[in-house]
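Structure incoming, see below.
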């Protein structure tokens, strides 16, 4: 067998390998290798002109395709900053939810892109399909349940209603729940959600009278003095979930299976232990 | 479940059809011989007719220049089409600024910086010696274009793109295209038929030989270089950053 | 030399459009008008001296590229001029981007090349160029379904052109030539010399069979033949009317020209005959079961290719001329239908048959008249252009079952269009034929209507003998029986649609590859 | 080992490309398959002209050399560029579709296109 024949024999193997990849990026890189080998074949077949053009064109082709696929491959995550679960850490993002999503994006072969917005805007972004996944300690409200896809819960949680002992004033809720919606209606407040940092500031200055917060936020708040507040613990058992844009059925199903797998392999527990002790 | 069942039927048929194709074509290809001496006339007369030592270049840019013009037009059309249609895709940069962008790519800048000039030199060499040795306008131009990619990787796509003064580049590209087409139509002015070389042939083997092949290589090289640059920049701009 | 000037002219004007985008319309108009002058010059020389051959660059045909002007070139370049003029006038008041005019110029450049091309690889390059232009034209308004239709078109035709190039490779290595004339001599020579290889009779040599099967498959994808070009209905009915007119009237016809040229070289008569029957009948059936104007026209376009193939398959002079004339006539008719249909659909606000019939009063009268004439012509109304081709064609056919098939294709054609005929019924005489707003559109209809109405005398002027009287009875009978059949029998029974699966991308590819094997077997066996 | 030449491999690659086009639903992979088809034809063209003792068609003036047929190589240069142009343009179209429908699955895109068109009667102009 000559060198030429050896190279020729490699060609279909690489082609089959490349075209059976699940991720397009793998396929493209495989075809890049294919193109280089092909240039070698041309060179050995006494066609140096063709070999040179093949090398040059192969490089350009590879560049275009990689650029295009990276363009496609973004998982847009949107959410409110949440202590322990999903928060900024210097230039980076950290948290329990972030770790889950990071692993999920790696599994799908996508880039993770994260945008922090107030809680009430998450819904809008997901409905308009500008973002794929909503995160940040989400406990779904009824309207979210009907409009968005709700993933499996990954962590049990509970609601805490905090009310000021002195006067009733502004209501702030962080995470939606049935209880929260009732309060919302009674007081008819326009802006029931706020950034978590705003909430902390509000409680510090005593501007906020009533609010419902979920478990992790409550723990975070508890480090501050909640001395002036009555705390009622909601009896209902709830779960933290991810919300998924209604157009992304596939991501939704993949996410559910991913969470299930994390749970069954015990990985989820170790991550939870790392962040929440 | 029904969908999956139907899919397997489709796949089975597809595989059978493809295998039949394979068998049919391989079977009949096994009988195919080769006419001895095909293309001999080019080897015999090529150097004398065109003054170029590289017979492939002689055919590409002299005997069958008409095909090459089409090829250049196809390439120009690809550049035009990519630019026109990529405008349909939102340029997402404004939103990316407010977002916290996380990308996995960590690319060695030094390698890009070192490689770029070397590749550029090779590209130029290929263009200039296209009639003497393997190479020519297209491969040289495309290599020069990949230098842009290397720079984009090394220094960030935005910085490379900023150099791209769109008006000037557009004009330059158009001028290259027009001159490639018009050059071939100038022949009658020199008493030659259309698409026939009217430059002196020179002594074969020298740099200045081969009639207009050198000039065509330079024009095509320039056109392809700019074309690949523009396409690359379009792809970079409409996805974010390298 | 003029052959070469035509494509070069359009390439240069295309480049000029790039340089001065604001003057795009004017430049294009000048280009089309001057191409008209060039074509007239060519035609004059053709009538004086017969076919004109020109080898680019002055090299011998074995080394260079030959352009060849004969009857085919005459008819199709005339068609291209008329269509170009019609489209330019249709668009005169609309603000198209200069990008469109650029594509338009390049399209005509490649079309004139293909009309004259006599070199297999030159055909390949020009064809690929044409593919890309058509692809960009389909996707030009950038709506998602147009993009999808364009992508489907590109994928299928790229596979087809890959097969074509493979066929060219085989031919080149066997004959050492790419020029069709030289190849014809060699194929003919080896066929008559009776040299035996691989134990088969000479014309069944493997290389002839496989190369002609590959070439025919490649071209069939582009030519609009059932099983092969299932991109066609989507591409025609999703793209904008002007683009559909250009695609259907010119772009798709080019592969037909090359098929005509190939049929003179290779033993592919019987294959084309069978493909023609399949295409004609199935296309007609699909047209009957469609419920949208543009869909009906698209499927009937598939059916009409059947006539060309049958004409080529019959192989006699009358058949070939008939098929070719039919192709030209159909180019005129279908672009008229798409342009007038575009105006009608825009006026009505939807393309379904029932909607068009219900709101027909809104449609401008000239568009309605054009639709009526176009539809009648599709149905084979005597005197109108497709009739001429069919008359010649049936003059060339001898076998009984073939006559029956041709009549059946005509009948399905009539049934498909009967529903639409009421659209053309002019109820109010008050609305003016020409209004100032729609003057360019009306003008373009007139540009197309003139050659359609005078097609018959023009053809006779070109020296083709055809007797109107002898061929009157049969088409009229088919027309009347089609109308009667529709109203008495079929009318209420057609509700559903035929299986659409074959229009899907995956099945289209599968049927294309399967089609190759069928062609191969047919060439080998028949 | 005579059978193991570029032509055989080229035909095999052609079929692999066809299979990728027919079996894989991912549009990007489909495009790669298309590229493979065109490349395989080019490989066939080059390999049909190959013989072992030939030399690349660059005339050196040495006597007694057999040069490889240069014509197919010149043709192939055009074919490769056309291939690149087709792939680049179709890639742009795929990107537009992905931007719109957030999936590269051809079947899903076809379904959504169908839906969208039946809603959109404004496609006339």
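Which chain is which? They are A, B, C and D, in the order written, and residues in each are numbered from 1.
As a convention for this text, contacts are C-beta pairs under 8 Å (C-beta built on N, C-alpha and C of every residue); 3 or more make two chains touch, one makes a residue touch a chain.
Nothing here was measured: the structure is a model prediction, and the numbers come from that model.
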Message = Contact counts by the stated rule: is the higher one at A-B or B-D?
response = B-D
Key: Chain whose averaged C-alpha position falls nearest the assembly-wide average   = D
Key: Computed distance of Cα centres, chain B from chain A, in Å   = 40
Task = Take the average of all CA coordinates in chain A, do the same for chain C, and state the distance between these two points in whole angstrom.
result = 52
Ask   = CA centre of chain B versus CA centre of chain D: separation in Å?
value = 15
Ask   = For chain B and chain C, what's the span in angstrom between their mean Cα positions?
value = 32
Note = Multi-chain touching residues of chain D, meaning two or more other chains, are 12, 14, 18-19, 22, 48-49, 56-58, 71-75, 77-78, 81-82, 84-85, 88-89, 92-96
Inquiry  = Using the touch definition from the top, which residues of chain B touch two or more other chains?
reply    = 14, 17-18, 21, 25, 29, 32, 34, 38-39, 42, 54, 56, 63-64, 67, 70-71, 74, 77-78, 81, 85, 88-89, 134, 136, 138, 231, 238
Request  = At least two other chains touched by the same residue of chain C: list those residues.
outcome  = 121, 125, 128, 132, 136, 139, 142, 166, 170, 172-173, 506, 509-510, 513
Chain D residues touching chain B - in the complex, by the definition given at the top = 7-8, 11-12, 14-15, 18-19, 22-23, 48-49, 56-60, 67, 69-75, 77-78, 81-82, 84-85, 88-89, 92-93, 95-96, 99
Task = Mind listing the chain D positions that touch chain A in their complex?
result = 1, 4-6, 9, 12-13, 16-17, 19-20, 24, 26, 28-29, 32-33, 35-36, 39, 42-43, 46-47, 49-50, 54-58, 68, 73-74, 76-77, 80-81, 83-84, 87-88, 91-92, 94-95, 98, 102-104
Query = Which residues, counting only chain C, touch chain B once they are in their complex?
reply = 1, 4-5, 8, 11-12, 15-16, 18-19, 56-59, 62-65, 99, 102, 106, 109-110, 113, 121-122, 125-126, 128-129, 132-133, 136, 139, 142, 166, 170, 172-176, 197-198, 205-207, 209-210, 506-507, 509-510, 513-514, 516-517, 520
Message = Under the stated contact criterion, what part of chain A meets chain B in this complex?
response = 48-49, 51-53, 55-57, 59-60, 63-64, 67-68, 70-71, 88, 91-93, 111-116
Request  = Flag every residue of chain B that touches chain A in the complex, lowest number first.
outcome  = 54, 56-57, 89, 95-96, 98-104, 126, 134-136, 138-143, 145-146, 149, 228, 231-232, 235-236, 238-240, 242
